[in-house]
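First up is the structure itself, then whatever we jot down about it.
Chains: A, B and C, in written order; residue numbering restarts at 1 for each.
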Amino acid sequence: MTLRVEDLAVARGGVPILSGLSFSLRPGTALALRGPNGAGKTTLLRTLAGLQPPLAGQIHGAGEAIAYAGHADGLKAMLSVTENLTFWADVFGTSDIAPAMDAYDLHGLADRPAGTLSAGQKRRLGLARLLVTGRAIWALDEPTVSLDTQARSLFADSLSAHLQRGGSAVVATHIDVGLTLEELDIARYRAAPDLRAGASDEAFL
Amino acid sequence: MKALLLRDLRLAVRAGGGFGLGLAFFLIVTVLVPFAVGPDPALLSRIAPGVLWLGALLACLLSLDRLLALDHEDGTLDLLATAPLPLEGALGIKAFAHWITTGLPLVAAAPVLGLMLNLSVSGYAVLVGALLLGTPALSTIGLFGAALTVGVRRGGLLLSLLVLPLYVPTLIFGAEAARRAATGQEAATPLLMLAGLTLATLALMPFASAAVLRMGLR
Amino acid sequence: MSLWEYANPVRFLRLSAKAQPVLWVAAGLSLSLGLLWGFFGTPDDMRQGSTVKIIYLHVPAALMAINAWFMMLVASLIWLIRRHHVSALAAKAAAPVGLMMTLIALVTGAIWGQPMWGTWWAWDPRLTSFLILFLFYLGYIALWSAIDDPDTAADFTSVLCLVGSVFAVLSRYAVKFWNQGLHQGTSVPVATGGRTISDVFFYPLVLSMVGFGLLFIALVFLRTGTEIRQRRTRALLARARRGG
């Protein structure tokens, strides 16, 4: 499914930060969002995932097709790796967690409570969750944070396998993930200071 | 949905999950009452229904700030909001899990504590029935309070402030039913009111809570 | 020309600036006239003596305590449905005024209750209902101040106001069920159109009720204006920061 974004504007805390953003993402492609801290990468991803409404513009093809992975992995410290993953598989209506365990080399950790994992291991589990959602479009916010080189290559493999299966991804990242991705510099879409359309503070200016 | 229910139950009984804390709190509050008001059996017998209801209500209140706050902190709520499960359903299930781990043990413990407070024999059945009917309302109303305070730092106190006035009708009808039964009056009217109240909160609160949570996530 | 034009903060401020002097003068006149007439111009009650005169504070304050919540309910609905900022801010502005009205009603009730019922406080249904209303006001104000983002705060408090209204009505009936009470019947039963007190007491009472109403409106205008200016300052600062 193609993700199409038309003339999108997003706001953070009532202040518009991005405007006039348009792109489309065909199956099998991935888009890297670039931009300095605070440029609005997280806000854009949350808007794409449907967690917050856009200020203006349209998003087509996201909805139930998108899986979001933010800074927090949604893991329960007291549940084991298998239990965490099985839970998300059940919620998203898929059942087989083995491919996800394989992809991120989690079999050795299967019975460890998630609370005892290192930061990088938690991240691997969080990324494995994307595989059990069975969704076509991934919205990833800094996926490689706290991953070592080996884990980073696991991520790159998993992402390229996802793209080969006809999936797609929007990735906000500062560092090279080890794949050649299309790039989108969102700093160019920074909302002009005098942009007023739709922002909640607009009425007061 | 079943997965969410099982997960919440499993989390509650694992170490550090807080299962039993509400029960222990209920026990301690009730046991402290005779120290505060004196050991006179007639007096204890008279106030027993009210004390048991108040203890159950406070024990329930105590565990509310874990209902959504933990899931908010670790990002689970964001992920649940993007899952195919409707958020209303997910929240309803969470309130149900809260009731099973908090409300139900209180209902089971109430007769034993009633014994210690010299509750009159005619009161037990109605007391248990009233708690069984009323505690689900405490959980669903609490869900709404938890949704309102989910993003607030140290929202526990605010949660109590918001939820306590909402608990008034439940407390009145629940305790009134138990009191009437203990003094040999008919208790059908308050029990029916209580049941109606619980059904109404079951039907409405998940929707109100989901609406609030969606507003808060953005 | 529709009412919704005043949903624009600037238009609202302009209207408020024009209306406020009139409101303050009218409120001051009717309040002082009503209270003075009530205190000095009416005879003592046969049974209650001069204590009855606290009615000129107690009844209007109680009336406004409920009407303020009702106004907040309507304003919250307008915010949730049409998202007019002035409406949300007016609800926020009305809450502390309503809280004070409730407090006045409770305190004057206690002062009146002492000689009449022989006790400062009784768990009478009406008193109890006002106490619950007081708690609702407290929760509502606390929620406003706990959330940083003004729009989210407006959303949350509006839903709380809606749900709270349902529970306030429920509590009212629950409390009636729980205790039949000492409180005398309502002084001015609107529904039946009749009244339970004689004309000498009635006219100054109506005048103080009008005065309390006008005072409430004037205070809400004033406080809403302050809230609007605060939001405007915030918005201007945010824009200045973005402009660099």
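Keep this in mind: a contact is a pair of C-beta atoms (placed from the backbone, for glycine too) under 8 Å apart; a residue touches a chain by one contact, two chains touch by 3 or more.
Fair warning: this is a prediction, and the values are worked out from it, not measured in the lab.
Any chain that touches chain A and also touches chain C is listed here: B. With respect to chain B, maximal separation of chain centres occurs for A (centres as means of Cα atoms).
When every chain is reduced to the mean of its C-alpha atoms, the one closest to the centre of the whole protein set is B.
With centres defined as mean CA coordinates, chain C is found 48 Å away from chain A.
Look at where the CA atoms of chain A average out and do the same for chain B: the two points lie 37 Å apart.
If you average the Cα atoms of chain B and of chain C, the two centres end up 32 Å apart.
In chain B, 218 are the positions where the chain touches two or more neighbouring chains simultaneously. Residues 144, 148-149, 151-152, 155, 158, 161-162, 164-166, 168-169, 172-173, 176, 190, 193, 197, 208, 211-212, 215-216, 218 of chain B are the ones that touch chain C when the two sit in their complex.
For chain C in complex with chain A, the residues that touch the partner chain are 8-9, 85, 149-151, 228, 231-232, 234-236, 238-239, 242-244.
For chain B in complex with chain A, the residues that touch the partner chain are 2-4, 7, 10-11, 14-17, 73-76, 78-85, 217-218. Chain A makes touch with chain C in their complex at residues 13-15, 191, 193-194, 200-205.
For chain C in complex with chain B, the touching residues are 132, 135-136, 138-139, 142-143, 146-147, 152, 155-156, 159-160, 162-164, 167, 170-171, 173-175, 177-178.
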